[in-house]
Structures are given as C-alpha cells and as structure tokens.
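Shared between the two complexes below is chain A, which pairs with chain B and chain C, respectively.
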Partner chain A sequence: MSVARRSSAGVAWLFLAPYLVLFGTFVLAPIVLGLWISLHSWDFTLPGKPFVGLDNYVDLFSSGSVSFEPFWNSMQATGIFTVFSVPLLIVVPLAVALAMNQKFRGRNIFRAVFFAPYVLGVAVVGVVWRFLLDRNIGAVNNYLGTIGLPDATAWLSSLPAAWVALVGVTVWWTLGFNAVIYLAGLQDISAELYDAAKVDGAGSWASFWHVTLPSLRPVTMFVTLITIIASANMFGQSFIMTNGAPGQDTRTAIFYIAETGLQNFQMGEAAAASWILTLFLMLLSVLVFGFFRLRGGTEAS
Partner chain B sequence: MIKALRYTVLVVLTALFISPLVFVLLTSFKSAREAVQTPPTWIPNPFTTQAYERILTASDTPVFRWFLNSMLAATANAVLVVVTASLAAYALARLDFRGKKIVFALIVSTLFVPPVILVIPNYEIVGRLFWLDTLLAIIVPTAASAFGVFFLNQFFASLPLELEESAFLDGATRWQVFTKVVLPLSKPALATLALLSFLTNWNDFLWPVYVLFSPENQTLQAGLSTLQSANSVRYDLLMAGAVVASVPVLLLYLLAQRFVIEGVSRSGLKG
Partner chain C sequence: MNRTPLFTKKNQSALSRRGFLGLTAGGLLVAGCGGGQGAGTAPQEEGVGGFTGEEYSGPDLSLAYWNGFTGGDGPAMQQLVKDFTAEHDNIQIKNNTVDWADFYQRLPAAAQAGKGPDVGAMHLDQLATNAARNVIVPLDDLAEALGLAEEDFTASVWGPGIYQDARYGIPLDVHTIAMYYNMDHFEKAGISEAPTDAASLEDACKKLQASGIKNPFWMPNQWPAHLMFLSLLWQFGGEPYAEDGSAATYDDEAGEQALTWMREQVEKGYSPDNVDIDAQYTAFKNGQNSITWDGIWQINDLEDSGLNYGIAPLPVIGDELAAWANSHHFFMTAQAADDADRANAGKTFIGWMSDQSAAWSDAGMIPARNSAREDAKFTDSPQAALGDQIEALHFLPPVPGLGDVQVPTLEVAVNEGVLGKTAPAEALSKAASNATELMGKNLEKFGG
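The block that comes next holds the complex of A and B.
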C-alpha cells in the first residue's frame, strides 16, 4: 500500500482546511469581489452602493471625466519608473553576481553587504534617502559639491531629478535580491561548458557571450518578469520620498489606486483601475515570456 | 597587480554602497542640530542617545509600542503561514483525493496574480470582519501564502518515501507521520519560510498605512511615515526611528543569512 493510499480523502481535506479557509477568504473571494465592486459606485462608509455597470471603466477611458487625467498620469508615472528601473535592475545585479562568482577573500562578506539593503523595509529606505537627498542639508548634494558637481539639485521635487532619485534608490535597495538569483543561476552552469569553450579557443569575453549568457536565459527571464511586476507595483518610494511631487508627476498607479480607494473611498473606481493595471501587467508578462521564447527558438535552430 | 587593483575597486565600491546605512546609524546618535549641519559630520560630537529617548516615549509617536506591534504581527503571521502552508502542502504532496490537481493549480496560479488586485476588496472584507485598525488585519490576510504551499510542497515531495513507509509499518497514524517524521526532516525549509514571512510582514507598508489609524496601533513601517509627518525636519529623530525599525531584521539577517539568501535564490518568488 502506497503512502498516499493509507488515508481517506477526508483526512486530506482536513489537512487542507485551515489553508483553504484563508485562501478562499483573502485571495479567491477578493478577486471576485474586486470585479463586483468595480461595477458599483462603492463607498465603504456609505450604506447605498448603486450598481453602475461599466461606468467606472468608461470614466477611466474617457478624456472628459474627472478621473481620466489623474489615472493616466499615474499610469504614465508607473510606466516611466518601470522603463528606467527594469533595465538597470537586470544589468547591474548581473554584474554584481559575476563579481561575486569569482573566488576571492571575504566573498561571503561582500555578498552579505550587497544583499543587506533588501531586508530593510521600503519605509526605512524612503525615510533614509529623503534625508540624504534633501536639497539643502542632504549628504548627497554636499558631496557632489565637494567633487565639483552641481550641489543644489532638488532631488525630491523636480524633474527629471526625482526620477533619477527614485530609480537610483530602488536599484540600491533591490539589486542584491536580483544578484542572489543570478548567482544561483551562475553556479548551476556546468564547468564542462566553460572547458569546452576554452578548448575552442574562446577568451573570457567570448565564453561570457556564448556560454554564460545563453545558459542564464531562464534565470534572466525570471528576473525580468519579477522585476517588471515589482517596479509596476512601486508605491512606498514615492509615498515617502517625493509624495508624488512635483505636482502629481511621480504619483504611481498603485499610489493613485490606494488614495482613491482607501482614502477617498471611491472604491468602485479604484477597483476598476486596479483591474486595468493588472491587465496591463499580464499583457506585459506575456510579451516578455514571448520575447524570451522567441530568442531561445532562433538560437536553438 | 591587476588582481590587487580589482580587489581595491571592489572594496571601495562596497564601502560606498553601504556608507548610507553607516551614516544613518551615526546620525541617529547626533544632536538635533548636528544632524542637519552642513557639511555633514560622520562621528557624533557629542555622542547622544537623546533622539532614541525622545521617540521611544513620545505619546503621538510611541515607537516602542510600534516595535511590539510589529514583533507580534510578524511573528504571528510567520507562525500562521508555516502551520497552514505545511498542512496543505503535505496533503498535496502525499495524499490522494479527488480534485487535488485543481486545488494545486488554483493555488499556484494565484502566484501570478498581481497583489494590487486584492487591496480594495480585502479592505472591504477586513472592514466587514471589524478588523480595521487592529493587528488582525496585518496578521491574517497575508497569511494565505500560495508561495508557502508551493515552496513546501516541492520540499515534501523531494523527501524519501521510505521513512514514512516504515513509520506506517510501525503503526504510526498519518498525523504522527506528519508531525514526528516529515516536519522534523523539513526544519530548514520551515525555517526559511518562517523567516521570509516574518521579513515580508515586518516590512509591509501600503496595507498597514491604510488599515491602521490610531497612533498606538501602527506597525513600525507605517509608523515611520507618521513620524516623518510629525517631525519632518528632525532628522535625528527620523534616523533613530529608521534604526529601530531596521535592527531586528538586520539581526535576523545576520544570524540566519544562509536561510534568507538560499530561500530567495531557490525560489525568488517572494518579491
């Protein structure tokens, strides 16, 4: 009798029950409820929640409505942030991982240091960098001045400096996370591949290009996907560092959704907005997936 | 020669990378005036713990209370995740029942659902449960960890069946096999999941900012933004707050680095 057959199905459901209660209540039900809310004029604090059909979606797509501009402004902010942060968060951590993959003294200490900021919360990271990037008393402007660069940049309230700050801080904060994933990928590449490349006369650059990069493709795809999703969900950095300034230019989509739904209690509209953002994200994920598949296909043939 | 040069470059870059955190730690021991002095100083003169004394006792920003809240919430959340996910993952890895494939597929597919979709409806649900402005709102909803089930399911499936078989031959019940054979063998995986859950919950920001209102009910992360609005130019206080909010996670990280880094690199899904 196999291990699996020793117990009745009832036992299995007992094991599953505690998790399924949580999962049903806080994951499955909300997905459906979110759609339902998005079809209503839904204010948590009011008793009446009239059904409005697709009006919330129509509003978000019609240029005359009150919500059109702030919503698409915030989508644009999320877009800008994603476009600039994702490539950096794909390339810089790879460089760090390649360095950490060499043998040298104290390698584990270096690795620990590069990962350390990631264990800090976004609130800590935001508060800390708001201080360091302060236009007048911040250490960053002070040291830039010392080496002869402009020393009065308004990092948190002017463009494009605010984007440089938000992207830069995010790269500093999360590069260790991506680097660790790359590092695991690098350690999985078999030494034989490098040996074979050497026999074929490949230098270190050629073996990086023809062995390392192709072998890392699945890892790179994974890093790209999770980084896009993380960047598109950016909230805390803008909430704490710039509070959306200048104007609402750095207010991201999540920031807009949270403010609209959980502060102004226009939950129907916020739920609709979060569905639009989600569809964008899923579309993007499919595109990224397709891109890596396509590249894989042509190289294999 | 080139090797030494490369090593030097690496040391300099690493020092530069971590210098903001060192500067912040030092600033938290400065006087209010020295904290905003230009050019900035590195070594506090005089060295003072004023900032800590002030924030830990202030009534509108009770940082010590926030610390306890965060500790309680993150611990309870980690326990809840490990208990519910290990039970479910074991059933999915080792038991036969109708609908198993569907349940597993349903759980795994939610790994790809962007969490933003849950925020608005979960606020409504938590409100209906009368959990708004309580720690239950921080502890329970995020404990439904699809990642945890997926992660432990893979681990349990990789354990050798013989040990469980022989326990059954010795007359053990399913529950005994799970608690006396499987769980002890899974300590590293359980520790990794507990640690990642604790870190994630401790650092969660958007959700606590909106579901907790009273000053005494904040978590440290949400509290930091209250602290910032209350003392926007008192950088000595803000940096002391940032240090208090970071010390537990940094300590955990230093003590259990292997679990944190391996957990991330093996799965990477927690992001």
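The block that comes next holds the complex of A and C.
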C-alpha cells in the first residue's frame, strides 16, 4: 500500500517535472535573482556591481530622491488606468458574452468580430490608434467634426482625454478575450438550473441574478484577476500612443521600469521598483480572492 | 554569475592586444592603405592595436556590421557595403540594420554575450557611454594610420569622439536639423526668400496665414522638439551641459527664451495646440502646413514624396546662428579587438568607409571631412543649401549616459513647455536639477 502510494507520488512528480523545470527557470529563478539585483547598483555592462543594501528601496520611498516623483507618478498612472479599465473589462465582456450566447443568425460572425482585435499585437493596435486619434490630422477628430461634435480633443496629449483613449483602446482590443472566457462559463451552466428557476417563477432578470451570476463566480474571479494583472502591466499602449505625454502623466509603472532598467541600465533600481509593484499586485490578488470567498460564503449559508 | 566572464573577457583582450602588437609591429613598411588620402603618413608610434593602415590580407572572414540606417539613408549604406565587398575578396560583411532606438539597448547586451558586432556605426553622443561600458575600443591607431587629423574636420565633430584621452570613433558624417518649407505655399503667399531670423519668420507666417494656411508652422512637443530647443538654446548663447558632465545648465535665461519662443508659436496661432507624435512632419508632406524644422535625414523621404519643398538653415531666432548636430561614427567592439585578424579586417573596413564620406551625401548627410564637402557629390546635394550653418553646429559633450539622462528630464520639460502645461522656467529648472542629480550618479557609476 505504502509502496504503491509512494510510487504514485513519484509518478505525479514525474508528470509535474517538465512544468516545474520551466517554472523554476523562467519564473522562480528570475524572481530570486531580481531580489538579489535590487540590493545592488547593478549595470550589467559594468564590471563593478556594488552592494547597496536597501538603498534602491529607500530612494524610491524618500520624497527627496530623484526617482521618487517619477516612480510614484508612474504607479499613480498605472493605478488610474487599472481603476478605469478593470470594471469595464469585467462588465462589457459579460454583456457581449450574454449576447454571443443567444441563438440568432450570424452569431458566429458576431463572435468573430468581437474577438478579432485581440489577435492583433500591441504595436499594430498602438500605431493604428495613434494615427486615428491624432489631435490635428487624425480621422477620429475629423469625423467628430463632420457630425458637429467637438473636433479638437487632444486624445494623445491632454488629460483626461488621454486616459479615455488608452482605456477605450484597451477595452476594444482585449474585451474579446474576456468575453470568450465568459462564454465558455455560460455554456457550462446546466439548463436544468434555468428550468428550475422558471418553475419557481423567475423572470429573465431574476434568473440572471440568481442562476447565471452565481454560477459564473469562479469564472468572474478568474477574469477579474487576470484583468487586474494585465492592466497593472500596461506598457505598450502608452509607450506607442502617447509616449507618456502630457509630460510623464501617462507613463505607467512598467514603462518606468523598462526605461530605468533596460534603457538606462539602472537595473538595481528597476528591480526594486518591480518588487514594489509585485507586492502591490499580490496584496490586490489576496483582496480579490477574499472578496469572492466572502460572497461565496454568504451565498452558501 | 555574470561577473566571471566579464573579468576574463577584459584580461583576454589585454593579452591578445599585446599579441596583436607583436604581430603587426613589422607592418610599417607596407603602408598602402585602401584609403589613399592619409596613407603616406605612417604612424611613428603604435596606437592601441597597432594598426598601420595596410589592407587586411589574412584568411577569409566575415565581419558582423551593425548600424541603424533604417530611413532614407538605408539604401545608400547598403550600396557602400556592396562596393566594399566587391573590392575586398577576403572580407564578407554581415550587415545588420536595427532601429537606432533598439540599437543602443541591444548593443551592450549582445556585446556582453559575445554575440555583438565586430564593427558598427553609432552616434557621436553615444560613444562615451559605450566606451565607459567597455563595449567599444579606442581607434587612435586607425585615425593615425588614416592620417586623420583635427584639421580635416570641423573641430566640434572631432573633439567629442575622444573619451578619457582616447579616440573611440571615426567620423562618417554630420547631421543637423534644418528648416523645410513648402515652395508652392511660399509662392502663393508672395514670399520670395526663406526666412532668416525671427522677424522674417513671423512675417512669413502672417503672409502664409493670409494666403489661407491656417497654421503654417507646427510646433512639435515630442521628437524633434528637444533638438529644436537645443538649437535655440545655443542661439541664445546658452550651453545645455557642463563639459565635465557634472551639471545640466539649460535652466538659465537662454533656455527660458528658447522654450518661451517655442510656446509662443502656439499662442500666436502659427501652430495648432497639441501637435502629436510626427504630426508636424506628416502634415508638411500633406501640404497642411508650410514650414517645419526637422532632421536632414528626411531629405530622401521628401524627395520621394514629390513635394515641391525648399531647405534652408534654421533662422537666427537668438543672437547668432547655431544648430544642434550629431554625427555617425564608426566603432570597433572589444569582441573584434580580441582577435588580430578581425581587428585588422575591421579597421580596413572602417578606413575604407571613412573615405566614402562624399558618396555618403546620397544619404542626405553632410560629409564629416572638410575635403569631402568640396566634392561635387555634396555641393550638388540638397543639404548643401545649409551653407553657413555647417560652421555653426553644436554637439553634446562626450559624457557617458547623457543621452539616457535627457529622456526623462529635458525631453519632458520641452514637452510640458510647448504644451503649455508648465511655465518654461519652471519646467526647465525642475528638469535641470533632476538631470544634474542623475549626471552626478552617472559620474560615480562610470568612474568619472
């Protein structure tokens, strides 16, 4: 018995091994190395990489330092983007998925149309929208003018228009992905539950509220988590469309980290900034887990 | 983990350099360089590497050559490479063209991994940075063997190629920004001459507006806005940085005047608000505006567009003619210096290329060599119209890491100033104090 158990544990490890090797090499090791780098003044092109202890972290937290304002500005930019894009990317794709789940002619075309933008790379999306949204020579302002709306909005270089543009483009670009996940979740809900709800006299709103939403809870939690992480990692859109303008107001945390670490080669400071961002994300993930758990608990009781 | 290879690499290069000296010390007799011009002046003493100017005659090999000529200058460079390989049977050139923005990120990483180029071209203001990072090696021996001397060049392009008493780059060209104008618009507005100062520029703008061009002169707030700012700063008598790399000094009266003038073009309505990335240039090509300041590397693109355009020196807005300039320099990497054959072949390549300075006018550039600027290749080119401006060019000082400092400081200040988000003086003083602090860190990091 115990031999059998041990050998089955061995088989389990054997099957897990390929993933663990990849996970160790490409996730675990870099995380640990990143922590190590963050304790140094690390420029990989220079022979000397002096150990500086927590100086990189202290710099990022002390208001007098030259990195303080740019870093926290970028964290704020990431925060603003996340706060506005995540709710939209949770609600809009759900609505789209509900529509996709109906039976109607041309349903497949409808599904494809919403998913199509997600196939594009961020460079394509960024460049195309940069041209379209140009304040003076862009198509968007031109058409807005033609139908009599304000045609002088600086979508790429003024606030809050730049946030509207960045959030809007991101929602347009990625909502198809979230919608497909919701759709899979919707198709998993047993028809019997709806039948039972109908028997109990539930209308379509009541069955959405009491059957669809609770059944989707695990899916919604997953969508929420990956959307928060994706939004907090936003870089390409602002890098290409606004280049951080106006000033550095739309320069996100990842933008700052990439510029500091990969362009200026101040990798110690960039690693420290990454760790701070990571801790924020971990905290947020725990809160999201807690929120969904709590709701799960009250429903069950 | 990263440390060991780095140290051994340094030792290796020192060792093989000594070996290389021994190998080539006897080569003084055969001084028939592929260059011509300076071949007679054989060096009296060996520079680093001891290159003597003779053609590479060793076994066949292939050199990795990296550059960022992705624009209108790309085809001209490919032609030069083709010509070189046609003349040199024993040297193959593996040309790798990367966008300049990525180039400076990839080069140190690739060199570090031993997968970088043997030779390449980079901007003058990047030489010090890459020298401090041990990516590139001194080329004094090559400069000497080619008979290159300061008199052959405008002094301002020669000096910044020297970092810590060693020369790291061989100049190919000089490029600057110029004023482009739409000839059809000028004719319609009744302007016969390109503006030469602030008053005539303003006068031209007014006439153009009267002739129906609502915003004749678009003021960018991103690239190349900071190049315009630097040009104006020099025109008003300012200096952007202390020569020793210890401080940013553009937050003085000259800087304020420069940035204020840029913002004024928007406030007076010559430029629309919020000119987004590249819009001023696209609009110029579309005939939506009439005047734009941009790099002379756009010449080929404008020629191809069929626009009836003119090119002229920047107007003197400040007290005297001055313009920002940069230069493409050839470099050799530590990787190539490790191997006597590669080093010699690399230097042969650079020496030959440096002699094509005049042919390089086809790329829209200004030859770095004084003599090449008398060549018909150049005098017949559109950029020859810049005339006096070529004597009034200013380069950034050779300070390691300066380019990277500029992105989050000066470029942001110019952006905010032109957008009208922050008052010019305030934007510049904040940027300069941040830049000074970052420069101090760099001095420490690169060991002054």
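One rule holds in what follows: the second predicted complex is superposed on the first by the 275 of 301 C-alpha atoms of A that agree within 3 Å, B and C clash if a C-alpha of one lies under 4 Å from a C-alpha of the other, contacts with A are read in each partner's own complex, and residues count from 1 in each chain.
By our rule, a residue touches a chain if its C-beta (ideal position, glycine included) is under 8 Å from a C-beta of that chain, and two chains touch if they have at least 3 such contacts.
Bear in mind the structure is a predicted one, so any value in this text is a computation, not a measurement.
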Which of chain B and chain C A:286 touches, first, second, both or neither: neither
Which of chain B and chain C A:136 touches, first, second, both or neither: both
Which of chain B and chain C A:270 touches, first, second, both or neither: first
Touching partner for A:44 - first (chain B), second (chain C), both, neither: both
Partner chain in contact with A:66 - chain B first, chain C second, else both or neither: second
Partner chain(s) touched by A:83 [first = chain B, second = chain C, both, neither]: neither
Partner chain in contact with A:278 - chain B first, chain C second, else both or neither: first
Partner chain in contact with A:196 - chain B first, chain C second, else both or neither: neither
Chain B or chain C, by number of chain A residues touched: B
First (chain B), second (chain C), both or neither touched by A:30: first
Doubly contacted residues of chain A, that is, touched by chain B and again by chain C: 44, 130, 136-137, 262-263
Chain B-touching residues of chain A, taken from the complex the two chains share: 3-7, 9, 11-13, 15-16, 18-20, 22-23, 25-31, 33-34, 37, 42, 44, 99, 104-105, 110-117, 119-124, 127-132, 136-137, 139, 142, 146, 172, 177, 180-181, 183-184, 222-223, 226, 229-230, 232-233, 235-236, 239-240, 253-254, 257-258, 261-263, 267, 270-271, 274-275, 277-278, 281-282, 285
Residues of chain C defined as touching chain A within the complex: 2-3, 6-7, 10, 104-105, 108-109, 111-112, 132-135, 218, 221-222, 272-277, 279, 282-283, 286, 288, 401, 404-405, 407-408, 412, 415-416, 419, 421-422, 434, 437-438, 441, 445-446
Complex interface listing, chain A residues touching chain C: 41, 43-47, 49, 66, 70, 130, 133-138, 152, 154, 156-158, 243-248, 259, 262-265
Touching residues on chain B, where the partner in the complex is chain A: 7, 10, 14, 17-18, 20-21, 23-24, 27, 36-40, 80, 83-85, 87-88, 90-92, 94-98, 100, 103, 106-107, 110, 112-125, 127, 140-144, 146, 149, 161, 164-165, 168, 174, 178, 199, 202-206, 209-211, 220-222, 224-225, 227-228, 235, 238-239, 241-242, 245-246, 249-250, 252-254, 257, 260-261, 264-266, 268-269, 271
